[in-house]
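In structure tokens below, several structures.
You will see two complexes here that share chain A, one where it goes with chain B and one where it goes with chain C.
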Partner chain A sequence: MNFQLTEEQQLIEQSAHDFAKEYLDPIVLHLDETGEFPKGIVKELANHDFLGLHLPADVGGAGAGFVSYVAVIESLSRSCAAVASIMNNQAMVSYAIQHWGNEAQKKQYVQALVTGETIGGFTIYELGPIPGIGPDALVATKKDGGYVLKGTKAYVRNAGEAGVYVVFGITDPADPNALTAFLVDAKATGLTVGPKQNTMGLRGCPVAHVGLDNVSVPETAVLGVVKAGREIAAKVLALASVAEAAQTVGIGQAAVEHAAAYAKQRVQFGKPVATLQAVQTLLAEAATDCYLARLGLRSAAQLVEDAQPFESEAAMVKSFLARLGSKILVDSCQVEGGMGYSEAMPLPRLFRDIAGTTLLDAPADFPDYTIAASIA
Partner chain B sequence: MSILTAEQQEIKKAAKEFVAKYIIPNAAEYDRRGEFHPFLLEAAKESKIFTMAIPKKYGGVGYDALTQAVVVEEWGYGCAGMGTTLAAGVLGMDSLLIAGTEEQKQRYFEPILKGGLAAFALTEPGAGSDAASVQTMAVRSGDDYVLNGTKCFITNGGYASGYVILAKTDPSKGVKGISAFMVEKGRPGFTIGAAEHKLGIRSSNTVELLLKDVHVPASNLLGKEGDGMKIAMMTLDMGRTLIAALALGVAQRALDECVKYLKERFPGKLQPGQTLQFKLADMQIQVEAARQMLHYTMNLRDSGLPYSKESAITKTVCGDVAMSVTTQAVSLMGSYGYTSEIAKLMRDAKIMQVYEGTNQIQRLVISRAVLSPAPAQAAGKKAA
Partner chain C sequence: MPKCLVCYKWTLDEKDIKIKPEDLSLDTSRAKGKISDFDRNAIEEATLIVEQQGGSVHALTYGTSAVQQSLKDVLSRGPDTVYWIADGSAESADACVTANVLASAIRKLGSYDLILCGEGSSDLFNQQTAARLSALLGLPCVTYLEKLSVEGDTVKATRKLADCTEVATVKGPVVLSVLGTINKPRIPSLKQVLGAAKKPKKEIKIADLGLTPEQLQPKAIHKSVKGFVAKRKNIVYKEANAAANVGKLTSSLAAEGLL
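Showing the complex of A and B:
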């Protein structure tokens, strides 16, 4: 068992680090301020093979595996986690199509997702508590050799920029297990994107509700088979948890390092505050949480790469960071005191970003439930 | 003894009404713009909120400490940014209550009774947690003192009518060479620097104060030369309890918003599962325990008993609870939490662990009291 990245993985990680310095550092403040979608950067991600990193070569990917993918996400997130979010949502869509799509669907979409020509949006959440259940569920009614989709999907990332959405709907309102995934073109008649939500952080990765008002799709739009939606959603969301954990660790590591550097030059009581044990403890605990989370998420990523079951490990990583992820920033900001609260410094942005990668999309009991179910 | 009297309940109700009318409807917009809220000063003038801490004999409303905490919790509930403005106004008066002469109190309180704001200026670029390393100088010159230096992170700095400013009168004496001065707005050489853009409490005004040969009459010295740090520490003992009350309000708000949201999300017979139920219970446990600690500390203060250690404990507990409960609230509300005003509560909560002495400084105060109980109880023993 080797816990280190291979030489190839290290090279890929280094290229992501260089990419972040060259392309992300200069724009991160602009994105945070304006929330603008960085179209040019997405194209550059594709040019550097990052969008297809985890996909096999036969669909146009780089075949570098999921461990490399999360190493890249961590490196990019150190500079700009919003761009990593855009990339993760793109990966959720390309992964879903690559795994469950038929040849025609793969041909139509995967290559375009890898080149950044098409942006992907993954729509699972609804305004009701559980997707597919209750009055807010998106309903897919069979009609004329296809389906008519009606309802609203909530808090969709990459909304408005996406050319294709994976849309989950129930094909039988009486059967909540009848959740089915559809590939829906963004230009489809009846599909509308609501106003961009004002997110606390990860600004630049757009979030909006997507409305489907009697959108007709052909039968060939079904991803996988009818009623395979829950399985697809569970697996893709688990995959996303691992990638999000990499974002969290990237943000957290950047914060700890910034706080440590600050502590070394900030003099109080006649010496740098980094020499105070109380400050050392704050930094040490935050660095420890980053380290353990990185080990956990890379281990889960290895399972993904080896095509082993990874859902409960992904849930453990998610649950761990839901408890400790925000604390990394709460404590790093603390080290910088009043300056750690000033938006002239980077930590407040990282504080807002990490809330987005640790606290969301965990319908509170989801990770714990998955973990509990996997024990014995 | 924290059950509110009928009078305190009336005051709480009035504070709630004030907050519902003026603060809550405006909080999100002023937070978004990061702008100060002059309208609140007008509203507060009418309701005499500014005079809450001023004793009746000087024309104020004169609430005791526990009642002040009850009111300040409501401010925090409405908006920690606007609440910070109002609470810092009280803090800016506390030094006068501690060390002012009759004449000084009357002179300083007069503009505040007319709706003015007060500010307390201790922090400097090089004197944050290490408050004793103040560099601002005050040199005696005839009947005046001449002040030179820079203060930073001063709440209400751009809008106050009166300031309490800490400066060195005798650099050879270290902590015992620091003195406290009343400085009125508009004195020549006294200018306001740029406002900070902050993670939270964005509508509160936080600025640098620049003092260049600012003359103040010797009659503006509070207490004696060298009393400054003792006065500052006693002021912070009082101020910390009010920050604790603001933090508590933020936490209570987060809990209430969470319950409201979950009730809407799980309508009718649909109930949130035990995981959610227990998380809500944990939030309530923290909020209620924090409130009782705060009220107990205020009871000590109102009884004239030492409360310096308890003040530090209260500020730490309430600040940490605010951070924890608001984070949990965003988590329980997921994407809704992240894209709505709930996120503001989390951003606002973070400052509660930082200002009026970071929670690390509070732990220094507390650990000193634990390690050597009697001497550490005396305020101003050593600068934290």
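Showing the complex of A and C:
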């Protein structure tokens, strides 16, 4: 067993690190302050092959594997998790189309997603407790050889910037568990994007509700087969769990490193606070949490790469970080004391970004079901 | 179309090096390797020239067995081939030994139109490799490059000197050393990283270079390297009025030779 990244994976991680320093560090504050979508950065991600990292070479991808993918997401998140979140959501769409789409759908969308020409939005959540339930549930009614979609998808990332959405809806009202996935062009008549939400963190990665008011799509818009939506969503969300774990670790690692650097130069009682035992405990616990979480998420990513069952491990990593992600930030802030609480320092932004990752992208209450079901 | 050779050094990444507080010695146990900073500029410059004009870029390195970690990295940055010499002698090699080894390897490899080096390495920054190579190979040398253009066999190089810039024109073959300001090294794309595995990596054994024991004997010996740590004097002036405090401060700074 070897826990080290391979030489190629290390070089890819280094490229992501260098990319983050060159392109993300200069804009992270601007994105946080304005919430502006970084179009130019998305193009640069494509130029460096990051958007097609996980896809095979025959569709323009780099074919670098999922371990490399999470290493890149962690590196980008250390500088700007909003951009990592944009990339994760883009990957969810391109992966779904590459995996379940027919040749025409792949030809139409995958290359454009890899080059950044098209942005993707993955719409699973609704305002009801689960997709398919409630007054705003997305219902797809068969009509004239196609489907008419009506309902609202909630908290859609990349909303408003996306050119294509993967939309999940129920095609059989008698069976709300049977979701079907559709590919819907953003310009489709009846599709509207609500106001961009003023989110706590990950600002720069837009979030909005997407309304579909009798949007007509042809039968060829179905992704995979009818009623396969639940399977598609489960698989993609499980993959996203690992990627979001990498995002969380990246944010946490950035916080720990900043706190450690601060502790070395902040002098109290005649010596750097890094030499004080109470501060050392805070730093040690935060660094330990990051280290163990990274081992877990890379192990889960290796399972994905080896085409082994990974959903339970992905849920464990997600659950672990949902509990510890914020603690890493609390510990790091505590090291920096009053200065750490100041918006002049990066920790408040990192705090909000980690909340955005663990609260919105990866609800803390969901993975326990998957884990429990796998062991009992 | 120029045939370029870039000499590079695999060094420790200084950001990973810690200073041990007890004796100021360097803790390099967790330091990762990297291609020396200015050498990256040399690789980038050769790659840019060849991308614009055609030709080829090759890379050459000499170091301990650790240089093998650098091969895919350097190939992902543009060169078509990398030649590597891994030998224990590199552990204590000074600039003289390094130049002897590289020059012998270059003679073995054949002729190049441009031989590029970084102005100095990230670790020792001796700034001697290019000059020594040119002397050993009998080629002209232009150093401190911040701009370079190549037309046929004519090289026009802008040198950044202490108080001026100088434009030198020279006919190749030539040895050049570049500054960090000459370009911005690319960040390899993922396809370039993965494509590096398919490019040739050729080992040159030091025993095949025909070097004498004397040529591998360093003239300069490093006895120790110690870190520098700024120490605070913690002097606090507690006079009743600010002017008196400022007076004491300026006197103190003057006594230290700082004013």
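General remarks:
Just so it is clear, the second predicted complex is superposed on the first by the 370 of 376 C-alpha atoms of A that agree within 3 Å, B and C clash if a C-alpha of one lies under 4 Å from a C-alpha of the other, contacts with A are read in each partner's own complex, and residues count from 1 in each chain.
Everything that follows uses one rule, which is that a contact is a pair of C-beta atoms (placed from the backbone, for glycine too) under 8 Å apart; a residue touches a chain by one contact, two chains touch by 3 or more.
It should be emphasised that the depicted structure is a prediction, and the values quoted were computed from it without experimental measurement.
If you put the two complexes together on chain A, you find that chain B and chain C both fit without a clash. Set against each other, chain B and chain C differ in how many residues of chain A they touch, and the higher count belongs to B. Of the two partner chains placed by the overlay, only chain B lies in contact with A:125; chain C stays clear of it. When the two structures are aligned on the shared chain, A:4 is found in touch with neither chain B nor chain C. By the touch criterion defined above, A:154 lies against chain B but remains apart from chain C after alignment on the C-alpha atoms of chain A. By the touch criterion stated above, A:330 is placed in contact with chain B alone, chain C being left untouched.
Shared-chain residue A:277: touches no atom of chain B or chain C. By the touch criterion stated above, A:189 is placed in contact with neither chain B nor chain C.
In the superposition on chain A, A:348 contacts chain B only, with no contact to chain C. With both structures placed on the common chain, the touch criterion links A:18 to chain C but leaves chain B unconnected.
No C-alpha atom of chain B lies closer than 7 Å to any C-alpha atom of chain C in the overlay. Common to the chain B-facing and chain C-facing surfaces of chain A are residues 267, 270. Those residues of chain B that touch chain A in the shared complex are 123, 126, 128-130, 133, 152-153, 196-200, 265-266, 270, 272-273, 275-276, 279, 323, 327, 330-332, 334-339, 343, 346-347, 350-351, 353-355, 358-360, 363-364. By the touch criterion stated above, chain C contacts chain A in their complex at residues 69, 72-73, 76, 187-191, 193-194, 196-197, 232, 234.
Residues of chain A touching chain C in their complex: 7-8, 11-12, 14-15, 18-19, 22, 47-50, 53, 62-64, 68, 267, 270. For chain A in complex with chain B, the touching residues are 125, 128-129, 134, 154-155, 197-201, 207, 267-270, 273, 278-279, 282, 322, 326, 330, 333-334, 337-338, 340-344, 348, 351-352, 355-356, 358-365, 368-369.
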